[in-house]
Amino acid sequence: MPDIAAVKAALAGQRIETPSWGYGNSGTRFKVFTRAGVPRDPYEKLDDAARVHEFTGVAPKVSLHIPWDKVDDYAVLSTYAKDRGLELGAINSNTFQDDAYRLGSVCHPDPKVRRKAVDHLLECVDIMDATGSADLKLWFADGTNYPGQDDVVARQDRLGEALAEVYGRLGDDQRLLLEYKLFEPSFYTTDVPDWGTSYAHCLKLGPKAQVVVDTGHHAPGTNIEFIVAFLLREGKLGGFDFNSRFYADDDLMVGAADPFQLFRIMHEVAKNGGLDRAANVAFMLDQCHNVEAKIPAVIRSVMNVQEATAKALLVDLDALAAAQAAGDVLAAHAVLMDAYDTDVRPLLREVREERGLHPDPVAAYAASGWQERIAAERVGGEQAGWGA
Amino acid sequence: MPDIAAVKAALAGQRIETPSWGYGNSGTRFKVFTRAGVPRDPYEKLDDAARVHEFTGVAPKVSLHIPWDKVDDYAVLSTYAKDRGLELGAINSNTFQDDAYRLGSVCHPDPKVRRKAVDHLLECVDIMDATGSADLKLWFADGTNYPGQDDVVARQDRLGEALAEVYGRLGDDQRLLLEYKLFEPSFYTTDVPDWGTSYAHCLKLGPKAQVVVDTGHHAPGTNIEFIVAFLLREGKLGGFDFNSRFYADDDLMVGAADPFQLFRIMHEVAKNGGLDRAANVAFMLDQCHNVEAKIPAVIRSVMNVQEATAKALLVDLDALAAAQAAGDVLAAHAVLMDAYDTDVRPLLREVREERGLHPDPVAAYAASGWQERIAAERVGGEQAGWGA
Amino acid sequence: MPDIAAVKAALAGQRIETPSWGYGNSGTRFKVFTRAGVPRDPYEKLDDAARVHEFTGVAPKVSLHIPWDKVDDYAVLSTYAKDRGLELGAINSNTFQDDAYRLGSVCHPDPKVRRKAVDHLLECVDIMDATGSADLKLWFADGTNYPGQDDVVARQDRLGEALAEVYGRLGDDQRLLLEYKLFEPSFYTTDVPDWGTSYAHCLKLGPKAQVVVDTGHHAPGTNIEFIVAFLLREGKLGGFDFNSRFYADDDLMVGAADPFQLFRIMHEVAKNGGLDRAANVAFMLDQCHNVEAKIPAVIRSVMNVQEATAKALLVDLDALAAAQAAGDVLAAHAVLMDAYDTDVRPLLREVREERGLHPDPVAAYAASGWQERIAAERVGGEQAGWGA
Amino acid sequence: MPDIAAVKAALAGQRIETPSWGYGNSGTRFKVFTRAGVPRDPYEKLDDAARVHEFTGVAPKVSLHIPWDKVDDYAVLSTYAKDRGLELGAINSNTFQDDAYRLGSVCHPDPKVRRKAVDHLLECVDIMDATGSADLKLWFADGTNYPGQDDVVARQDRLGEALAEVYGRLGDDQRLLLEYKLFEPSFYTTDVPDWGTSYAHCLKLGPKAQVVVDTGHHAPGTNIEFIVAFLLREGKLGGFDFNSRFYADDDLMVGAADPFQLFRIMHEVAKNGGLDRAANVAFMLDQCHNVEAKIPAVIRSVMNVQEATAKALLVDLDALAAAQAAGDVLAAHAVLMDAYDTDVRPLLREVREERGLHPDPVAAYAASGWQERIAAERVGGEQAGWGA
């Protein structure tokens, strides 16, 4: 049976990174709905992220997205974060929102466009140096929409070349995290469509290159926890972009669509050492809160990851291994389900209270008056969102 | 064996409706790429549509989208169209691009929002009266993103009520075409997610309500031609929104992703009387040309529908029926494939030449200088696109 | 807040029907694994079903499959069931395991084959008269594997004709439940592929025809609870064939693959009156226990349905409606999740104990010695399974 | 423009391997339909395969499946093949049709079962030595049905160990081809579910291990031609198991469900050197002819591959590259489609006639009287099929 004190310690020590863009407006291709109080610059995003950390106690890191979070002086931004108990996390590159990138960025047929894209990636490493960020997270929208549009193999060559140059620029304590995605915004081929492609490139690049698993980026029916376990076995799991989906890359709150899947993922993480600090797996959110209130949605998402983690930590691994070795399908399944069926909310409330936090972060945030304050104060200016 | 003269006559008589928004800018949630020469108002869209009709000879109708194509005087717009050999086609409503519609339009929990949405739909019928359009095409983005967000059944009640009011407003020669879509922009429930839901509502409304099949709006694995055949059998197929997809609602050029599927659809249409004028099936395009040149893409799309139709008309229905009755699977399949494997481009070139058209619409358009002219002339002002 | 006494009463009164074939061997096209103690005839299947009811208290009904459960005298079988506290449930027809049905049964191009199939269906109604079964459950494997193989519309005509004849034969208290399935064993078209097709036929047949939802028979991404809610609204939900799947029609234990989905389904059922006796919704299992022990798997499945039902009954519908009316997405979602996150196993243990049952049916069955007994006694003869 | 003489030479030199089991009975889990004239032993399967080669001229190789094609003396079988103009191709292992393999074979938790499985694989290499087969094709049904059932990572360890032992046994001119499959017969995890897993294992094993792409083994939406291009770029594409599907692993005739996809695959093969003898890509069929006549279905399948290859060879690669380099999406797409839209049947008829073959293999087979002969002669005995 799991040791409850150890479970609590693990939960208290967990770190979940929230994305700056989760605090801004977002939407679909049909409409971006605006909301009162949305931040207008990176500083206000950090103010909101600070609330999430204040009430959950496990979200001190904030991912930035360049150029959406571009500032004149990253040292100032970093200090601003530290003053609020935060630190700057992964730097996310953007090679998809410039008219030059219509046919791709690092895979574009035109070397001038590729140069522009690689220069942006190198600039991101410069920013990492300035912010102290350890992770460069690369997601490429590159691909094609029509059969014949471009040469699949030539694009891989260009991709490999760009990655090699960026990899060579990384400092000793910096990583390149390569994300994959089945489709969107490319609708025929995507240049890094699956974990296999990302893994193959990371293998060639070297130990500082690892795969990022975005839980919304797979084909229907894909067993994500298998991929997670496989990558952990190979030492190639760099981290997660958590969110959930019923259909495509819906970017809903993690755990909202299939909490059992999230539990199964966290079970593989926990069982295979992925919660150990040494494994250096980054647990990041990457979500769009299109119709719901943004800060409470981030809080709920952090809590959903916590609850899945708690359940994963409650799995009786000895009993599980024994039933598996005996080939007792139902008994092994029952061990796993017993943990999943447990209501871990009381346990997490205890963990919070033991750390001096309010047991219910959602209620605490609601009572804090922050939402009313930002709605009143943040008027005028341009709200942050996709592309801003 | 099909009578070639009859096939040619059918092809010459076919009508394919192009959407005004296909000439404007479009994109994904990540980026809308702008292109030189894109229209800045509904009149310029008609100018472009006129080129498509000029070179293909089968695309005289243009669907409008309200409010994107709002003008002060629709009689003027209608005359402008007629002067260019065009006529105004289906009126498409828009109940998804106003901040009020964050949680839905005709299914919104707040009756004030529903009133606003229904008023817009009634306004669309007013516009139909003014333009002489016969079809009101309704697509609702309504739905929810999270389990529990709203009451599925209550939303159906609200939907039914709104549809009934609009249906009651239709003139004798007007139809209500109800589109369905699996998901996007709603990511948990969609209020009209599949043909069954649309069919059930149309059945209750009456004979002037019919289903529209958008070829990109289905779950993976859905057999679209089955739905088409079923709806034709029931007299409930109002028309198509043609496009193609590899993944979700990719809105690629029709026939680009799976030309065999398009052929199978047109085979069911042709075999079940759907090409007859009396069947009144509207063959409309609904596409987004995100990375390719827009007018040539519409021309190519029209030609793709023509080619699929030509192949469908070449199916030897007698031989097919005989093989089917004999239970000879391979022979029946071979009859269908024989038509599909035929290169119908020479036949279509003949059809065009017999009508005094250039045999190659793409080449004719390229040679016309139109693209260069609009790129030069259409500077300043705001380009039309999603939402404009 | 839900009234716990009422919740308990509802749980105690719930009835879950188990399938006779769930006790026999089953497998995939690659292999049927045999297991010790598997029944060799319908009587031994009832013996096993009696154990499931003995330990769960909510599974008195057993679905039969004809001809797998054919006996000389159904009155004897019925008495045998009653003596064990059971009753015979839905009669399932089989028009797919005869060489005559290679190209279909009721939709076959050859009228002689259709006659044979319809005669079998009529025989099933005769058996219902003998057993007192109220439900005729029809699933047709009919369809085609290749484009062109047969005429989609003609097949619908034949289907409609067959259904009408069978419907006409039903007694006043008998129902025809029409199941749909996306694919398998047909791989191009299926003649009843989706709920819309089943619904349209049931509507034409009349009030005694209703739709059965098999939870494993949908395209990826289909929102099953929407269909359930829609059918309940229309009075056309006849019942469920419960099972679960990660991929296609995997026929795993219900609740094993996506327990949250099962909860959402049961939430729609409970909220829309589907648990009321008057609604007459049949909650049936339809599963294949290919690798796990069969009787404990059925017990676990029954418990999974109970747990999902318990959670659904715990949803605070007033709070839900209030949050929905207020348009508070996160609050409404939280009300639903609060019920789902509750560990309902203690409540169900109480319900069992109050009825004089062992609180843990799995443990009680294991302790009963039944498995050892049947393994020892049921030697010789032919084990029952798919097709036997 | 492609040189027609070279295209013809390439088509005449193409080799397509047919599977012994394609000539036997097959079916779904619901029913195996028997057909008159089906072979009763490996020799009769070769007799049928000889007809396919006789009429197509490009199918001299026959894949065997052990133990379905077990004979006492493989030298005799090999001679029997040679006497009919055939040679024995890939040896396919079977570690899924023994009761011992209920929970897996090389990944089974019990080392005794793993030993049994590995011994079978080694026996297959012995058979390769006897038959002169160069390829060992491994497909593992291994996996789990329920979360928790077994340890995903431990299973990978066992898999790696088994593969290493078998790899070590290979002769200098022998290859290990590792197939992957999303699901079925395992319904939760599959131990080699995707190309990435197969690729990672092959990379560790060494140059004699390569990936096999079965065109029916992917998640919905997977871009297969991308995988093919990627593996060719890495020198890791061992071959194909060709078939087609609308849904899951339907095992329909290749090219029947999506002929455009087959063309796109063959385009990547042709463009990236995969048709060169040096590339050593095996073009194998792996199909089940459940409802259609078997030998004509194999002939049709071979022709479908030929037609897709012919179209791929007709792609004007210079024009394609020029349009791609220019970023002209529609022009590049048009170059590809121009080849696809071509009716290549006349060209293939010419290729056949120049080689002294009948231009229409289907008609030639029908006229040969073979089907009538085997229906009359092959009576008594047990028909071959899955598992026999």
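The first chain written gets the first letter, and so on, giving A, B, C and D; residue counts start at 1 in each chain.
Note that in this section a residue touches a chain if its C-beta (ideal position, glycine included) is under 8 Å from a C-beta of that chain, and two chains touch if they have at least 3 such contacts.
Computed from a prediction, not measured in an experiment: that's the story for all the values here.
**Q** Name, by label, each chain that touches both members of the pair chain A and chain C.
**A** Shared contacts of chain A and chain C: B, D.
**Q** Is the C-beta contact count larger for B-D or for B-C?
**A** B-C
**Q** Could you put a whole-Å number on the gap between the CA centroids of chain A and chain B?
**A** A distance of 38 Å separates the two centres.
**Q** Cα centroid separation between chain B and chain C, in whole Å?
**A** That gives a centre separation of 39 Å.
**Q** For chain C, give me the residues that contact two or more of the other chains.
**A** Touching at least two other chains: 103, 145-147, 149, 182-183, 188, 220-221, 223, 246-247, 256, 260, 291-292, 329-330, 333-334.
**Q** Show me the residue ranges of chain D that touch chain B in the complex, using the header's touch definition.
**A** Spelled out, the residues of chain D in touch with chain B are 220-221, 223, 246-247, 256, 258-261, 291-293, 296-297, 300, 307, 329-330, 333-334, 340-343, 345, 362.
**Q** Which positions of chain A touch chain D when the two form their complex?
**A** 103, 109-110, 144-154, 156, 182-183, 188-190, 193-197, 199-200, 203, 218-223, 225-227, 229-230, 232-234, 260, 264, 268, 271-272, 320-321, 323-325, 327, 329-330, 332-337
**Q** Would you mind writing out the residues of chain A in touch with chain B in their complex?
**A** Where chain A meets chain B, its residues are 26-31, 33-34, 96-97, 99, 101-103, 141, 145-147, 149, 182-185, 187-188, 220, 245-248, 250, 252-253, 256-257, 290-292, 386-387.
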